[in-house]
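Chain lettering (A, B and C) follows the sequence in which the chains are written, and residue indices restart at 1 in each chain.
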Amino acid sequence: MISADLFSNAIVAGILLGGFYAAVAIGLAIVFGQLDIVNIAHPAFIIVGAYIAYILNSRFGLDPILIGLLAAPVFFFVGALIYRVYFLAFERTGQESLSGLAFFFGVMFIIEVVLILIYGFDYRLVQADYIGQSWRIGFVDFPLRMLVPFAVAAALTAAIYLFMSRTFMGRAIQAVAQDRLALQLMGADPVRIKQWAFGLGIATTAIAGALLIIIGPVEPSVGRLYIGRAFAIVVLGGMGSIKGMFIAALILGVVESMVSTFAGPSWSPAVAFGFLGLTLALRPAGLFGRR
Amino acid sequence: MSARVLEVSGLTKRFGGFVALNNVDVHVAPGERLGLIGPNGSGKTTLINCVSGALFNDEGSIRFDGQDITRMLPHKRARLGVARSFQIPKPFKSMTVLENLRVPLEYAAWSRAEHRHINDEAMALLESIGLKHCAHQNSAGLTQVDMRKLELARALAAKPRLLVSDEAMAGLSSAEVDEILEILLALNARGVAVIMIEHIMRAVMRFSQRVVVLDAGEKIAEGTPDEIVKNPDVERAYLGE
Amino acid sequence: MKSAAFWGVLAAIFAGGLVLTTVVENEYYYNAFYLILQATLMAVAWNILGGFTGYVNFGSAAFFAMGAYTTVALNKALALPLPLLILAGGAVGGLVGFGLGYLTLRLKGVYFAIATLAMAIVIETFIANWPYVGGARGSYMLTPEKHLWFDSYIQMLFMVMLLLTLTAVVISRVLNSSRLGRGLAAIRDDEVAAESAGVPTLRLKLVSTTVMGAMMGVAGAPFPYFVTFVDPVSAFNLFIAVNAIAMPMIGGTGHWIGPVIGALLVGTTQEIVKVTVSSELNVLIVGVMLVVFITLAPQGIVGLVQKHWKRKQ
């Protein structure tokens, strides 16, 4: 007998988790979904963001979300720089597929090893007032350490959605994804735009990392669990669609939560890969895909 | 028992809600030269993809030399003798021109090739097509016309009974068009049936014994080149009302 | 490389190994050589699917670990001699490779790569939850008494791994210049064009994944005797997976000798750093080398050499 109590808590936990997953995937939705750059190191950057939140939080007591917002511009520049290297080495010569993949795999590995060298395998966490608290409506719990990240993630998604649809740069990014030549004829530089987009994608990882370490403790190899989730969400949502990505993230969160509650937590990483597999097999364009 | 080398009946192919081909019938006799024309987007390449097996049709059947190949994988069709060239050339970029020809000789034509003398066969093919001078050159650095010739050479190396040439002449100069035309005519003289998809009308007129016209996924006309030229439906399809 | 020269060099290397075991006593060298040879074998195996066929495998550690854990499991049930364990490890690795190929038939590019990562995580989870082989806590393996005529067990392991690696290199070279290898190259260069040229792409991809899996399983089979303690963390280590990718890419993926060059270069550098600087930093080396080489020399060392020769002409 599945109690209504357990069931509704699992659903709510899933939705909150899903919101956080949107923050994880949104950068990849831009970089991979629209620009087709296979940044497999995307979750590794999120872990870096988490560690930065940990450092500044334990040192200065700053709120992790604030740290994430402050770190975002720095991450933006790092992202732009990495794209420059990627473009010069791979995109310009048309070598993207194998070499580009291996490049980001190497970057991911370097990030993980450096973190291990500096911080070891111990779990790190942050302190904030709201982390221990929880709201209760009826028999459903809303732990703040999940609710706050959900709110931030939703705001981030909305902000980026508006950016993509209302600003010149945002629409240029969508344009360069669909038709480079037309963009060039209009006088815009595709490389600069892609650089902007990649930087934006990495900037989101600063915030996602802060959210991650609010939700739970972090150690260097945690990032690998998110590779499957991030790609699954982007593909399921439909490669170019921010809206689709958010919905896919919620779906994944809910399904993972249900599986975790009723079948056991060790099965939840498998859920994402299962979704990815099913989507690719049945409907490769995803829910809202443009292709 | 069919005397036809290719028999396409009632072929329908949809992409989601879009009907790319609607109930199309096409047949080719052994050794025949068929022209396939139609405005852009009329479904010519889709038809060819279904015949070669790159796509599977939703309805209808495809018979090759009397055998039903409707659900057969592309490589098996290639082995039976269905060859096609690609509109945008797809050379094996890590290989030389000669090595590019080894692949179809060693696979599609394996039952029909001289196993011990593959290189000689490839060389002979290159000579007949005018590519001998770049046999050992990497296939990624060829000129446009040589790239098209390599595309055709690879299809020829499969020793087909039916060759589909998908816009092999697009963007070439008049002299280059004639070169390709000679290659196809010589091939046909050896008994290979050829379906030519082209927009260059003088080539289609000179080459084809019979022409099929597609428009918006439907066959709108069929006949000799002269008949097609005078057909008002064809004129309307190309020029509009 | 001409056939006679090739076999000559292999025979010389094997003979050299034998001579070494009679001359050098210090076990450190055999440990180091074993690891470098193991990495070479893994690199050669990876390159069959990655370099020859163009499908990037991120989960190499899973095949390796399956070989290691087959040894652990069989060793508990029966006391089998090493050659049989190696065959068993290869068979299991090959089976997993076949399964991977079958399940991922339609996936291309990054999706295939992610699928290999998923498979590695799934297999690691199963092993970690299997108490018979020690689960997450790991399993101890006693070093056997017998080591033939060699001075010590590690010397014998070294010669075994040398033989296995040389065999793998032979297989790789044969593949590279065979009809099968040309079919794989066609798949790598343009899968659609390959299919329409008569190449049975699905079948060849299955062959490729199975051979790669079998070779990696073979590489892992003696591992438990080498380390004497096996647990999921050490067996499924990302380091093994990164090495397996980095070494062929640094050496050059199109040619059979690329992974060998890459493995020797990277493996030796790692050993030197491990001994002179620190053992943690040596892990970082391969990641940095991978990124640097891939950015500056995407065709690897073999590519650089080939470009140099062409410029001379």
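We take it that a contact is a pair of C-beta atoms (placed from the backbone, for glycine too) under 8 Å apart; a residue touches a chain by one contact, two chains touch by 3 or more.
Computed from a predicted model, the values in this text were never measured in an experiment.
With every chain reduced to the mean of its CA atoms, the largest distance from subunit C is reached by B. For the pairs B-C and A-C, the larger set of C-beta contacts lies at A-C. Mean C-alpha position of subunit A lies 46 Å from that of subunit B. Look at where the CA atoms of subunit B average out and do the same for subunit C: the two points lie 43 Å apart.
Averaged C-alpha coordinates put the centre of subunit A at 33 Å from the centre of subunit C.
None of the residues of subunit C touches two or more other chains. Interface of subunit C with subunit B (complex): residues 179, 182-183, 185-186, 188-190, 192-202, 254. On subunit B, the positions that touch subunit C within their shared complex are 52-54, 73-76, 78-79, 83-84, 86, 90-95, 99, 102-104, 106-110, 154, 157-158.
Subunit C contributes residues 50, 54, 56, 58, 106-107, 109-111, 113-115, 117-118, 121-122, 125, 129, 238, 242, 245-246, 249, 253, 280-281, 283-284, 286-288, 290-291, 294-296, 298 to its touches with subunit A in the complex.
Contact residues on subunit A toward subunit C in their complex (touch as defined above): 38, 40, 85, 89-90, 93, 95, 97-99, 101-103, 105-107, 109-110, 112-114, 116-117, 221, 224-225, 227-228, 231, 235, 266, 269-270, 273, 276-277, 280-281.
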